[in-house]
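These notes concern the structure reproduced below.
Per-chain numbering from 1; labels A, B and C assigned in written order.
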Amino acid sequence: MRNEIRCRAVEIENSLSPFVSKKFELDDVIEAQQFDREILNYIFEVALDMEKIEKSSSKSQMLKGYLMATLFYEPSTRTRLSFESAMKRLGGEVLTTENAREFSSAAKGETLEDTIRTVEGYSDIIVMRHFESGAAKKAAATASIPIINAGDGPGQHPTQALLDVYTIQREIGTLDGIKVGLVGDLANGRTVRSLAYLLAKYKDVKIYFVSPDVVKMKDDIKDYLTSQDVKWEECDNLMEVASECDVVYQTRIQRERFGERVDLYEQARGKYIVDKNVLKVMQRHAVVMHPLPRLDEITVDVDEDPRAAYFRQAKNGLYIRMALVKLLLLGW
Amino acid sequence: MRNEIRCRAVEIENSLSPFVSKKFELDDVIEAQQFDREILNYIFEVALDMEKIEKSSSKSQMLKGYLMATLFYEPSTRTRLSFESAMKRLGGEVLTTENAREFSSAAKGETLEDTIRTVEGYSDIIVMRHFESGAAKKAAATASIPIINAGDGPGQHPTQALLDVYTIQREIGTLDGIKVGLVGDLANGRTVRSLAYLLAKYKDVKIYFVSPDVVKMKDDIKDYLTSQDVKWEECDNLMEVASECDVVYQTRIQRERFGERVDLYEQARGKYIVDKNVLKVMQRHAVVMHPLPRLDEITVDVDEDPRAAYFRQAKNGLYIRMALVKLLLLGW
Amino acid sequence: MRNEIRCRAVEIENSLSPFVSKKFELDDVIEAQQFDREILNYIFEVALDMEKIEKSSSKSQMLKGYLMATLFYEPSTRTRLSFESAMKRLGGEVLTTENAREFSSAAKGETLEDTIRTVEGYSDIIVMRHFESGAAKKAAATASIPIINAGDGPGQHPTQALLDVYTIQREIGTLDGIKVGLVGDLANGRTVRSLAYLLAKYKDVKIYFVSPDVVKMKDDIKDYLTSQDVKWEECDNLMEVASECDVVYQTRIQRERFGERVDLYEQARGKYIVDKNVLKVMQRHAVVMHPLPRLDEITVDVDEDPRAAYFRQAKNGLYIRMALVKLLLLGW
C-alpha cells in the first residue's frame, strides 16, 4: 500500500547521456500535477526517442514478455487503442477489458481494490479508465505494479495533458513565452483544465479563454493561474485571439452536458468555429490543436493546412504513452 | 487522399519465380470487382503458400512488428477472428474494436474520415466492418495505410467472394467451364451476388439460380451476366440442378429480411434443403459450399460426406486473408 | 469425433525426471471428475514450474506461435484474463470473444458444433465459457483441438476446482488428513461442489458444511461423500469450525439466486462472516480461502493477515492454467 504518488528526480553520478544529469523514478501516472517541468522534459526526450523507434523499420522488442492490462470501466476506444498500440509497438502484450463496469465482478459488488489485486496478478502494468474521480489514485494505493490513469470520470486524464504539452513543444519549439487560446467548452472539458495546470509550470505564458457564456472557464482554474502569476484573459473575439496566439486549442461543445436544453447546446456550438477565415489571421508558425473527436467546430477544409496540428497531436499521444509505459516498466 | 482503388499488374524483368512473370501492386481490398483473373491467380498462389505455412510446425514471423487494427462498426465474430488469426499466424499483432459504432467517438458524431486518421496512427493496416455501403472506399480514400473491407452493409464483402472462388479452384481444380448452382436467398445474399460477379471473369461458366420466389436473384446481376456472355438459368428443381453442377452453393434464408412476415420466411426457408437425397444425385467430384452460419438448409448428416466443402471453405478464408494481409504489408 | 474425455496415465520407460515415472495424456479439460489423484499431482508439479517461470526475469517463449481462442458465451472477465495471461506468459497468442452469445453466429441460430468447427480452424486450443451445462463436453466431442471448460452454466468449472486443491496443497503442504470448512452458499456454489468432489480423492479428509438454512449443501454431494467414506458434518457454529479446520473456504451468497426474496438474501448474507474474531480462533497454519469476488463475507481487515490466502489462490489460478495450456499443447 502506497499513499503518495512517487515521481521524483534522483541525482545519478555517471550519466551516459550528456543531456540527462539526473534520473527520476516514476511509480504511477495519476494526475497532471504530479509532473514538474524537469520531469516533463525528461519524458519528452524519451517520447522523441519513441518517435524514432516507431518510424524505424526495425521493430523494437524492448518490452517483450511484459503484459499490460487495459481495465476500462467505461469504453474509450481511441484512448484504449492508443495505449495498446504503444505497448505492442515496443514488443509488449496486452490483456483487454472494455466493459469492466458492466461485465466484471464489479457488477457483483466487488471493490475496486479487490479487482486490482486480482488483475495485478495477471499483468505487469494496469491502464485504467474509470467513471469515478479518484479511482486511479485508489488503484495505485492498492497495486504493487504501476497504474496509469487513462481518465477517471470528471477527474484527470493526465496522458492527454502530457501529449498536449508535448505537441506544443514539438510544434512551436518552446513553451516559455507562448500565447495559447483555449476555445470552446471550457467548463466541462477535462482537457483544457489539465492543460491550464501544466502551462502554469512554464514562464511568461499567456492564456486566452474564448467560450460561449454557458461553458465559461471556472474560477478555480482562473484563481490558480493568478496565484501562479500566469496572465490570462477572457475574450469573445476569436479572430483577435487567433491572430495573437501561437496555439489555438479548440474543443468540442459536449452535447451530453446540456441535457434537455438542446437550444442552449445549438447556440453554444455554433459560436466559435475554426475555419479558413481564422487560419487567414493566424501567424505562420502558429498551430490549431484539438483533443478529438471533433464535430464541426473545426471545418474540414482546415485539415489540409500545415498549421492543422490535431492529427499530429493524436499521434503524439502514441509517443507519450510509449514513453510512459517504457519508463514505468524499465525505468530511465 | 487517393481516389482510385489500385490493384494493378506491373511487369518485372527478373522474376525469381518461374510462375510469376509479373508482380502487382495492391493498395487496398475494397470490392470484388477490383480483381481481375490474373491477379486472382496470383493471390491464390500466395494463399496456397499460406496453407503450407499454417500447417508447418515452424511458425512464421513474417509480419513480426506489424499491427493490424480491426475496426468493426458492427460485430462479426467469425470474420474478425478469421482476420486476427491470419495476422497472428504470420507473427503480426492486432488491436481490436468490436463495437466501434456504439462505443467509439462515432457515437459523439466524429466522421469516419477522422476516425481513420486517428487509427492509422496506431496501426499498419486497418480491417474495417461497417454498416454503410461505401464506407470502406471512403476509408481507403482517407488512409495512407492499407484498408481491407470486411463487409460494408449491403455493399461488398470482397474477402468472402475471394475465398469462395479460391475454394472452387481448390476443390474442383478449375473455374473455367464449371457449372454452379446458387441456392437459397439470392435477393439479399451479398455473398452470392459477389460470387456471380467474380465467376463472370472465367470462361464457359454456367450459373443456375434456385430460390424461393420471394428471394429471387435481382435483375442487375442477371443483366450483368448476360452482358458478359455468362450463361444463366432460373430453375426450381434443386435435384436436377444438383445432378448437373460442379458446385452447389447453398445459402441461409435471412430471417431478418422478412420483418413481420414470419409466414413467408417459414415458407421460403423450408423449400430447398441440401440433404442426403441431394448428395445422392450429385456427381462424385462435385461439392456443397455454404458461407456459414448455416441453420438447417444443409442437414447435419451431409457433413460427413467428403463433398461437404463448407468447413474447408471457412478455413480457406484464413488462407486468403493471410495472403491479402501479407501482400498488402510486404508486397509480392 | 471423440466420445470420451481422455486423461490417462501412460507408463514411460526412461523418464528423465526422478519424480515422474509415468506420463499422462490430456486431451481436454472438461470436468473435475476426470482427474485422479495421480494426475492432479503431475499437474501440480507443472504448475510449480510455471510459478518459477512467471517469476523469473527471462520470459518463456514455450508456446510461441500457438493461438488460443477464448470463446465466451457469457462474460467472465476474471476467468478470461486469467487464461489469456496464462497463454501470453508462455509466449502464446490469443483471439478473444467475450460476447459470443449475443454477437456471434449463435444469434443467427448456428449450432455450437458448427461454431466450434469454424473456430478450431483459426486456433490451436479453445477456452470456452458457456451458459449451458454440458456445452464443453459437446464442444470437445466435435473439436479436433483441445477444449478447456471455463465454466458451463450450472455445470462445471474444473480449472477453479483444480486451483482450489492446488492452493490447499501449496498452503497446507498436504491434502490427506485435512479438515475443511465450506462456508456460505453451498447450494448454488459450483465451486464448493466441485471442491467436495476432488477432496474425496484424498485420505482422511473431514468436511464441515456451514451455511444458512436456505442455501444448504445438497444431498447428492453428501451422498457422494458418504459413498466415498469421506467424513462430513453440518454445523451452524462458524467459530467452532474455524478453530478446528486447516482451511476455511468462504463463499459469496449469490444474490441473483434469490430473485424477489431480498429479505431472505439479506438474512442469509449476514449470517457467517469471516472477520478478525474468526481469525483469532483459527490455528496458526490454517488459511482462509475464497473463490472471489467477495463482498463483505470476509471483512477487509482480514486481508493483511498472512492466513488470508484468497489473493494467492487467485494467482494460483494463473499457474494452474499455464500448466494446463502447456500440457494440452506440448504434452508432458
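Convention: a residue touches a chain if its C-beta (ideal position, glycine included) is under 8 Å from a C-beta of that chain, and two chains touch if they have at least 3 such contacts.
Quantities reported herein were computed from a predicted structural model and do not represent experimental measurements.
Shared residue numbers account for under half of those found at the interface formed by chain A and chain C, and the copies are therefore classed as meeting with different residues. Between chain B and chain C the CA-based rotation angle works out to 120°, given as a multiple of 5. Each chain gets one centre point, the mean of its Cα atoms, and the points for chain A and chain C are 41 Å apart. The set of chain C residues touching two or more other chains comprises 96.
The residues of chain B lying in touch with chain C in their complex are 58-59, 75-78, 81-82, 84-85, 88-89, 91, 96, 98, 252, 255, 292-295, 300, 311, 314-315, 318. For chain C in complex with chain B, the residues that touch the partner chain are 64-65, 67, 69, 93, 95-97, 99-100, 103-105, 108-111, 113-115, 117-119, 121-123.
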